[in-house]
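Below are two complexes that have chain A in common, paired first with chain B and then with chain C.
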Partner chain A sequence: MNSLFTPLSWSDSGLILTGVWNTIIISVVAIVVGTVLGLIVGFLRAESNKAVNVLFGSVLDVLRSVPLIIQLILFSTFVGAMGNPLAPFVAGSIVLSLYTMAFMSEVFRSGFESVSPSMQIAARSLGMTKWQTIYHIRLPIGLRAVFPSWLGVSLSVIKDSALVSVIGYMELLRTSEQLISRTQQPLEILIGVGIFYFIISYPLSHYGRYVERKMAI
Partner chain B sequence: MISVQNVHKSFGDLEVLKGVSLDVNRGEVVSVIGGSGSGKSTLLYCINAIEPINSGKILVDDVDVHAKETNKDKLRQKLGMVFQQWNSFPHMTVLENAALAPRIVKKMSKEEAIEIAKKELEHVGLGDKLDVYPTKMSGGQQQRLAIARALAMKPDYMLLDEVTSALDPELVGEVLDTLRLLAEEGMTMICVTHEMGFARDVSDRVAYFHQGVIAEIGEARQVITDPQNPLTQKFLSKVR
Partner chain C sequence: MDYEFHWNVVFQNMPQLLNGAFVTLHVSVLAMLLGVVIAILLAIAKMNNTKFFSQVATVWVEIARNTPALFQIYMAYFGLGAFGIHLSPYVAVLSALVFINAGYLTETFRGGFQSIPSTQYSASKSLGMTSIQSYRYIILPQMLRRIYHPMTNQFVWSILMSSLGILVGMSELSGTTQRLQSLSFRTLEFFIVAAVMYFVITKLVLFGSSLLARRLFKGEI
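Our next item is the complex of A and B:
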């Protein structure tokens, strides 16, 4: 149908792979940073009193309820206006990580809170210190309890990473858009992209269910 | 020796212990009986420094439990405690449950900790369950695990808070038998219990708690079968 456009060819695989790689790398960064920060914030929230929690909670609420695409645009516009524009990868990583952290912190908070006070008293009565109790009892039990939710958040971060394309990050969706405008073959390309997300997510969620069953306690 | 001296303890406006005194000598078994809310659990929590006290004094081997300079984590190593809820660590096998505290609190080598844990698990009749996860076991087995876990720290005293109350009736016997064994071996114990037969047969003395004070204390058989205080008489006639 299209002598005007160059059809998809093997020489495009480099571009596609760059997109795949960039999607993976920004997802991994956001999941790792979001998990670490989420653990800390989730623990502080489970431990702290009401006042601190209300303060923390409202910041997290904002992060969770403002659409990610708006956060991305706002952040990169704001930073750009300050005179030091960040590379799309850096800006995207920061926003996506904080967004992930907001969800992870709730996941971990409920994990920490799922370990009953009487379980902790039992550990302390054996002579364990507060930190030993956290490390050997609260953390492992709490993390097991929320593993499925953690995986769920992680999977949606992989999908949400597509939105970082709006600030110019060359992840999979954006490279596909470029290819589409050149080749005019949106169907093939978007189906390919869809299959990629499926190939990543499906085994992970299956693996998650497997681990969940193994850890069932 | 555990020496509780005129201890007062409040939760907010509610005074739960209103001047409790009790001395428990090495090798002695004292059962504490009394109605719900009379402060029995609170007393054990105060002895183990889980709850602070408002006034009075508690000495364990002449160490002031609630003094600022007392290392409470260290002190608790002497005082094994078992609760109504067994609180098995669900992410660890039976053996790991019992070996954890010796390893991380007493800093034993892994082999040493496992050896002690094994011995105590055999002691309570769980020698064939070492690699099982506790949630796969009955309440009675988990409660015996809790006892073994405490014993693995080689405590000088055991504080037991209604350890059979959450168990199905048919499982109570195995746990009481374990406690009876400990008593025969000379373990010093304070047992809060609703099992009057156990209190009468196994303990040396029985203390009857009523609204935050010890209303009667004496030789076990005498308190259970021939109580002097009308309050004790009333309580015992109700639980029988």
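Our next item is the complex of A and C:
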């Protein structure tokens, strides 16, 4: 008798690979955009006076204190209600990038603030212009100091990208969920998915801890 | 803009939303408490010289830290079904959160413990304190000070992550929101209110934690 469910077969690998690819692409977009925006916002926050800081800080605070899943649903229904629905990839990338930016800006701000003022004064007294000081002194020293935290945020973005599935983006976890409902083999599929995330995340998190230890000495 | 906001239906359903918020708080408090207990055991196991115990702890920590929370929840909800274990959404989300909290807190505890130089233990022993006294009065208070902030962050994180219950049909804040909006089709209104409620809960928890810190540590942290 034919069963209602068809088991997992090699022909499903295309679907799984699409999911893997979609997870990678949205994570890369979010990390790149989030890093660039975070760098700008972090620098502005390190530079600006208290009033601007409070304003920036409270907006970023909202992005950090509302669950990502709620932000995703809110944003995609909002643009839908406004009459121009976005593709899941676009909506997901925007929300995930802004979410990443909120965390990255804190990382970079602490990096910029870790460069001591006397070092900047020294650079200025050597005849560097303001931009040269930023480019040759503050950026390299500040960024090097926060590399492990940057890596940590990036890894959590890769893991959080799984949540974009709620607005219909076919990333790895959603493709696996669909395969589960067809094959009724949840354990095999989920373990495969887990291994994928683990393979990406484990070496990088170890590398981050290694760099951190090396810098601490 | 041709979208009209209708807030009435949201206010009518406020009791249900508040109930959902209560479930959110309650699952994250429980996940935190159980997570702390397991993390203490795992941290002890990880520093143990018996290879078996430290390896079990390491495997737990690495899996919890390197896979998405949603994956853990799916694993608890769908994956365990393969062994004939069918958890309710509440238990599935709770166990996933406990698993992850324990994984992250183990490293926090171990780091906190190892940051206290062992010479302090020797010093307190040489002052005539017993083992228990030196832990109670010297080691643990300092350790608590160092792990307090990471623990607060972990708690906030579990409040935010319990929102994933929406995907397995749990009736915490976002699950309730989802159910109510599907009855009334006022998606935006309901999720805006849910977002505000999460924000308020997070802020209240952070505020409460800083009050407690002031009492516990007398301002020096």
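FYI, the second predicted complex is superposed on the first by the 206 of 217 C-alpha atoms of A that agree within 3 Å, B and C clash if a C-alpha of one lies under 4 Å from a C-alpha of the other, contacts with A are read in each partner's own complex, and residues count from 1 in each chain.
One rule holds for everything that comes next: contacts are C-beta pairs under 8 Å (C-beta built on N, C-alpha and C of every residue); 3 or more make two chains touch, one makes a residue touch a chain.
Just so we're clear, the structure is a prediction, and the values are computed from it rather than from any experiment.
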Which of chain B and chain C A:Gln71 touches, first, second, both or neither: second
Does the superposition put A:Gln132 against chain B (first), chain C (second), both, or neither? first
Once chain A of both complexes is superposed, is A:Ile121 in touch with chain B (first), chain C (second), both, or neither? first
Using the superposition on chain A described above, determine whether A:Ser11 touches chain B (first), chain C (second), both, or neither. neither
Identify which of chain B and chain C touches the larger number of residues of chain A. C
Is A:Pro140 touching anything from chain B or chain C once the two structures are fitted on A? First, second, both or neither. first
Doubly contacted chain A residues - partners chain C and chain B: none
Interface with chain B, chain A side, in the complex: residues 116, 118-119, 121-129, 132, 136-137, 140-141, 144, 217
What does chain A use to touch chain C in their complex? 62, 65-71, 73-74, 77-78, 81-83, 155, 159-160, 162-163, 165-166, 173, 177, 180, 185-187, 190-191, 193-194, 197-198, 201-202, 205
Would you tell me which residues of chain B are touching chain A in their complex? 48, 50, 73-74, 76-77, 79-81, 83, 85, 87, 89-91, 100-101, 104-106, 133, 135, 146, 149-150, 153
Touching residues (chain side chain C, partner chain A) in the complex: 1-3, 62-63, 65-71, 74-75, 78-79, 81-83, 156, 160-161, 163-164, 166-167, 174, 187-188, 191-192, 194-195, 198-199, 202-203
